[in-house]
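The same chain A turns up in both complexes below, where it pairs with chain B and then with chain C.
Right, the complex of A and B next:
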C-alpha cells in the first residue's frame, strides 16, 4: 500500500495501481478512449491526462503511469496528482480537438449515436468549435465479415479492437498499419475474421467505426426497452441484455457477470436475434390426413387429451436443448400422472443416470475457478465452440501464467497451445492408469481441472457402456490427480445445452424402468409407444415416427415440427421467465423481453391446460405456484445465481477403470458452431456466418 | 316547431334564438355560399356572421367567404371582381368524426389489412 493525494484528498492504494485506478479509488472520473480494464494498456489516445505535482511539466497519461512511478515530495510527502486543474482541462480540450479533426460530424446518421464515448466526452470535455480548416482525411472501409460493419473514417485509433482480437479472441487478423495521418486499422487481407467472438469489438469500439452490421440503421439506443436476462445458446448462461422495441427483439448485448462471461458474449449469443423472428410457430397445427392444418387451441388440446386418455401409460416425453426447468417439471408431472416414467432430457447414449450425484454432471471448478487452476486436461470437448466464454477463461489463465493444457480428442485450434494427448479412448485409459506422460504434469498440479465434454460421455453411435467408461475413467483421472478434494473439486462436465443441468437436477431422466430418449424413439418406431411429447426436441433422429402420435411443443418450426402430428406453439427464451441451470450448476432465471408471437403460449401453461383436459389437473395455476411446488421439491433451485456443490465421496465412488473398452475416437458433437439449435438455424445472420466461414476455409485451401 | 325547439335548446343546428333575433333585427343578407350557408352583416357593416345550413361547423365555410368573415377582405366571393386562385380545389368541410373521415391504410375502419413491416415475425408454415 502506498499513499497518494488526488485533488488534495489523501488516499491509500496498493502500489501496483495506475494513476487512473488511484483516481477512481478517490472517486474521480477520468475520461478515456483506449484504456479498457480487460485489455492491455496502450496509452495512445491521451484522453486520460492528469497533472502530476513535481513531475515533468507536462500532463501524464494516467492509464499508463503507476502510482509507484511517482516521486514523493521533497520532505517525503505523498505524491500528488490533479484531475481538475486548468492544465488538465486544456489537455483534454486539446486531445478532443485533435481527435475531432479527422472524425466526421455524422452523428445523426451514425449507429453509435446516443451510446458513443466520443460524443459524450466531446460534450463533457471538448470545445465547441474546431480551428481546423484543411480537408479531413478519408479512410477506406474494410470488410470484417457479415457481423461487423466498418466506417473507418470514424476510427480514432484506440486499438481496442486490435488488442481484443489478439489478446482475448486469440486471432492475429487485425492490426494498425501506417503512421500519423496514414494510420489505419486493417484486417490485412479482405476476409471475414475467423473468431467466434468478433461481435465484442462492436461493443469495445468507443466510436462508430465498428458497428453491428445486422443492426445497422434499425433502431436508436434510447428507444429500446432493455431487459436483463440470460442466454441459452450454450450451457454457460451468459448474462445478456435484450434490447427490444414493441414486439421485436432489436439486438442482444452482454452484461457484466464476472462469474461467467466477464463482459464478452459469443457471436451466436449476440446475433441470434433475427432467428427469433423467423420460422415461428404462432398457432396450433393438427395433422389431418397427410397435411398439417391450422387449428385452434381447443381443437389441438382436445385431440392430444383424447390420445393421452387412450394411450394409458404408453406415453413418452423428450425435452430439447432450450427447455426451461419449469416446463420440464410440469411435463414430468404430467407424464408421471398417467403412470409413465418415459422422460428424458439427455442426448442419446448419455452415460448420466438418474441416481448420479450432482457433482458428476456439473462443472465443479466453476468458470471463474479456471483462473486458479494450474493444469487443465480436456477430454473429448472443443471448448472453443461448445462454450466459447469458458475457452476465453482458459486462454486468459494461459496468458497470465504457465498453464499446461492437455487435450484428448480432435486436434483443433483452441486459440492457445496445448499438448495433444491422443484422440481415442485408449489415451483416456492410459491417463487413468497413470501410464501417460501427461500424468506427471497432472500429479504436480495443485489445482488441476479435468474437463469432460458431453460428447465424450454420449458417443451416439456406440453403446452406452463406452460413455460410462469414459466418465468413470475421467473421474479416476481427476481422483488420481488430486482434483477431487474437499477444498478443490476440479472435475467439470461441460454440457452443450442450456436445458441439460436443469433437467438432470429435477430428474427429467428415466427412472424406475422408464425409457430413455433413444429407447423411446425405438419403441415409437415399433409402434409400442402411443404418444410422444417433444418439448422443443429437434436434435434427435425423428425419422419414421408414423406409428406414434407426435406432439411438438416448441417455438420454432424445425425438425420436430415437421414430424409432429400436433404442434402446440410455445415461447422462446426471450419471451418467458424460466429457470435455467448452467453447466456449472448455477441457477439462473430469464426475464420476458417481448411476448410470444401470435397465439403461442408459455410452455408450462400449455402443459397445465393439457393436464386439465385429461382430468389430472397439475396443482398450480400460475408461474408463482409452479415455482412454489418446484422449490419445495428441489430447494436449491430457489437460490438464484448460486451453485449447490457436488458430493466428493459420491463422485469418488464412480471412479474406476474398466477392464475392457471398445475403441472409439472422441469427437465434439458440434458440427457447425453457428447452427446448434432451432433458433440459430432459423437465423439468416447465422447462415451468413456459416457461408463466410466456408468461403474463408475455401480460400485457405 | 322542431326548428324552434332546436334554436331554443341547442347551439349546433343552424342558429340559436338570439342569433335569429339579431339577424331579423339588424342583419343584412350579403350572400349564400355553395353549401347553403348564409352570410350576414349589420347595417353599419361592422359585424359579420354566418348562419349555417345544418350543423354548425366552422370548417364548412369555403376559403373566399372565410376571408370575408375574418375581415381579411371586403370583397365578397359572389361579387364580379372576386378572383379565386387557379390552384384552389373545391372546398370540403373537415370530415373528422363523420363517415368520410380519413383512415390510414391498414386501419380497422378501412380494410383492416396492413402492409408488412420490419417488426413482423415470419410464421412457420408446413411444407
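Right, the complex of A and C next:
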C-alpha cells in the first residue's frame, strides 16, 4: 500500500494501482476512450490526462502511469495528482478538439447516438465549437461480417476492438494499419471475423464506428425498455439486458456478471433476437387430415384432454433445451397425475440417472473458479462452441499464467494452446488408469479441473451406453488427480442446454420404470405410446412419432411443431419469468421483457389449464403458488444466484474403471454453433452467420 | 503520406522465398533475440525481403511473419507503419526517393520532383513505361546541409541540380549506375563548406597534400564545380607595422586560423584593427568571406579596448578576461 493525494485528498491504495485507479478510489471520475478494465492498456487516446505535482511539467496519461512511478514530495510527502486543475481541463479540451477534427458530425444519423462515449464526453469536457476549417478525413468502411456495421470515418483509433479480438476472442484478424492521420482499423482480409464473440466489439467501440448491423436504424436507446434477464442459448445463463419497444425485442446486450460472463456475451446470445419474431407459434393448431389448421384454445385443449383420458398411462413427455423449471415441474406433475413416469429432459443415451448426486451433473469448480485452476483436462467437449464464455475464462486464465490444458476429443481451435491427448475412449481409459503422459501434469496440479462434455457422456455404441463408462472414468480421473476434495471440487460437467440442470434438479427423468426419451420414441414406434408431450423438444429424432398423438408446447415452428398433432403456443425466454439452473448449478430467473405474441400463453399456464380439463387440477393457480410448491419440494431453487454444492463422497462412489469399453470417438454434439435451438434456427441473422462462416472456410480451403 | 495498404492482387507475386544467403542471414538475425521474442526480428526480415525483391509483397509479409511465428495482421501493421517499406512494385533499376523536407525544398527539391514527374511517372510510386524506374517524395533523408538530395537504394546523391539528377536517372536507366559516385555531386568534401574550407586550413599545408574532395578523388570531375577560394594566395591589403605584433587571439572571435589570415592580409596589431574604417572592413569581409563577422563579434570595440589599456582595460569594459 502506498499513499497518494488526489485533488488534495489523501488516500491509501495498493502500489500496483495506476493513477486512474487511484483517482477512482478517491471517487474522481476520469474520462477515457481507449482504456478498458478487461483489456491491456494502450494509452493512445490521451483523454485520461491528469496533472502530476512535481512530476513532468506536462499532463500524464493516468491509465498508463503507476502510482509507484510518482516521485514523493521534497520532504517525503505523498505524491500528489490533480484531476480538476486548469491544466487538466485544458488538456481534455485539447484532446477532444483533436478527436473531433476528423470525427463527422453525423450524430443524428448515427446508431451510437445517445449511448456514445464521445458524445457524452464532448458534452462534459469539450469546447463548444471547433477551430478547424480544413477538410475532414474520410475512411473507407470495412467488411467485418454480417453482425458488424462499420462507419470507419467515425473511428477515433482507440484500438479497443483490436485488443478485444486479439486478447479475449483470440483471433488475430483486426489491426491498426498505417500511422498518424492515415491509421485505419482494418481486417487482414476483408471477410467475416472468425470469432463467436465479435458482437462485443460493438459494445466496446466508444463511438459509432462499429455498430450492430442487424439493429441498424431501428431504435434509439432512450425509447427502449430495458429488462435485465438471463440468456438461455447455452447452459451458462449469461446475464443479459433485453431492450424492447412495445411488443418487440429490439436488441440484446450483456450485463456484468463476474461469476459467469464478465461483461461479454456470445454472438448467438446477442443476435438471436430476430428469431424471436420469426416462425412464432402465435395461436393453437390442430392437425386435420395432413394439415395443421388454426384452432382456438378451447378446441385444442379439449382435444388433448380427450386423448389423455383415452390414453390412460400410455403418456410420455420430453422437455426440450429451452424449457424453464416451472413448466417442467408442472408437466411432471401432470404426467405423474395420470400414472405415468415417462418423462425425460436429457439428450438420448445420456449417462445421467435420476438418483445421481447433484455433484455429478453440475460444473462444480464454477466458471469463476477456472481462474484459480492450475491444470485443465477437457474430455469430449468443444467449450468454444458449447459454452463460449467458459472458453473465454479458460483463455483468460491461460493468458494470465502457465496453465497446462489437455483435450480428449476432436482437434479444434479453442483459441489457446492445448495438448491433444487423443480422440477416443481409450485415451480416457489411459488417463483413468494413470498410464497417460498427461497424468503426471494432472498429479502435480493443486487445483485441477476435469471438464466433461455432455456429448461425451451421451455416447452410445450398439445401443449400449458408452457414455456411462466415460462419466465414471472421468470421475476416476478427477479423483486420482485430487480434484474431488472438500476444498476443491474440480469435476465439471458441461451441459449444452439451459433447461438441463433444472430438469435434473426437479427429477424430470424417468424413474420407477418410466421410459427415457429414447425409450418413449421406441414405444411410439411400436404404437405403445398413445400421446407424447414435447415441451419445446426439437433436438430429437422425431420421425417415429407417426402412430402417436403429439402435443407440442413451444414457441417456434421448428421440427417438433412439424410432427405435432396439436400445437399449444407458448412463450419464449424473453416473454416469461422462469427459473433456469445453469451448468454450474446456479439458480437464475428470467424476467418478462415483452408479452408472448398473439394467443400464446406461458407454458406452465397451458399445462395448468390442461390439467383442469382432465379433472386432475394441479394445485396452483398462479406462478407464485407454483413456485411455492416447487420451493417446498426443492428448497435450493429459491436461492437465486446460489449454487447448491455437490456431495464429494457420492461422486467418489461413482468413480470406477470398467473392465471393458467399446471404442468410440469423442465428438462435440454441436454441429452448427449458430443453429443449436429453435429460436436460433428461426433467426435470419444466425443464418447469415452460417453463410459467412461457410464462405470463410471455403476461402481457407 | 497517404493510406498505405497492400498492392493490388494483380501485381502480387504468388509466393516469396528468401535466397539462400538471405535465409541464412535471417535465421541468424532471429536467433539474436531471446526465446519467445523472435517477433522482434520482423523489421529486419521485412527490410531484407525488400532489399531482395525491391518491395514488400503480401507473400513476403506472410513469409516473414511465418518465420517469426507472428500473425499476418501484426506483420502488416509493421509494414504499413514504416513508410520505408515499399508496398507496391518499384522500378527494377532505380526507385528514386526525393527528399521534400524544408531545407531540400528551399534548395530546389520541387524542381527535382517535377523532373521525376516528367521523366518517370506523373504520380509517386507509379512505374515508368518499361517498369525500370519509379519515384516518391520522402521525409528528411538526413543530409540537409547537402540539400537537395535524393536517395536511391542505400546511397544518397547530394547537392543536386535538375541537370545532374537527369544524368543520374539516365545512368541508372542505362544500367550504368556504377559510374555515378554517390555523395555530393559538386566539388565538395562530404558536407564541408561548399565555398571551401573556413577552418583548419593549415592542416592541408602540414600534410603537404593537395586538398581533394571525394567526388573528384577518382579523377572524375563533376560538371558544376564551384570555384573554391584559394586562401594562400591572398594579396596583402594592409601594411603591417614591423616592430610590433599583438596577440590578436585575445579578441573574442579570432582564433589561430583567423589570426594567421589577418596577418597575411597585413594586420598584426590591435591598433590597426581599432582604426579600421567601413571600407576596410568591407575589404576584409570580401577577402575572407566573413559576411559581417567583424561587426557581429565587435572586433573594433574589443581592439580599441585592448589597444588603449591592454587586458585590464578589456576586463573593465567587458567584465571578463579576453580569451
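We take it that the second predicted complex is superposed on the first by the 695 of 701 C-alpha atoms of A that agree within 3 Å, B and C clash if a C-alpha of one lies under 4 Å from a C-alpha of the other, contacts with A are read in each partner's own complex, and residues count from 1 in each chain.
One rule holds in what follows: a contact is a pair of C-beta atoms (placed from the backbone, for glycine too) under 8 Å apart; a residue touches a chain by one contact, two chains touch by 3 or more.
For clarity, every value in this text was computed on a predicted model and none was experimentally measured.
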Practice prompt. Report for A:282: first if it touches chain B alone, second if chain C alone, otherwise both or neither.
Written response: first
Applying the document's definition of touch, where does A:184 land relative to chain B and chain C: first, second, both, or neither? second
Quick one: is A:381 in contact with chain B, with chain C, with both, or with neither? Answer first, second, both or neither.
neither
The answer for chain A against chain C in the complex is residues 172-182, 184, 186-188
Chain C residues touching chain A in their complex are 1-5, 71-74, 76-77, 80-81
Chain A partner, complex, touching residues on chain B are 118-127
As the complex stands, chain A meets chain B at residues 218, 245-248, 276-283, 285, 291-292, 556-557, 561-562, 597-598
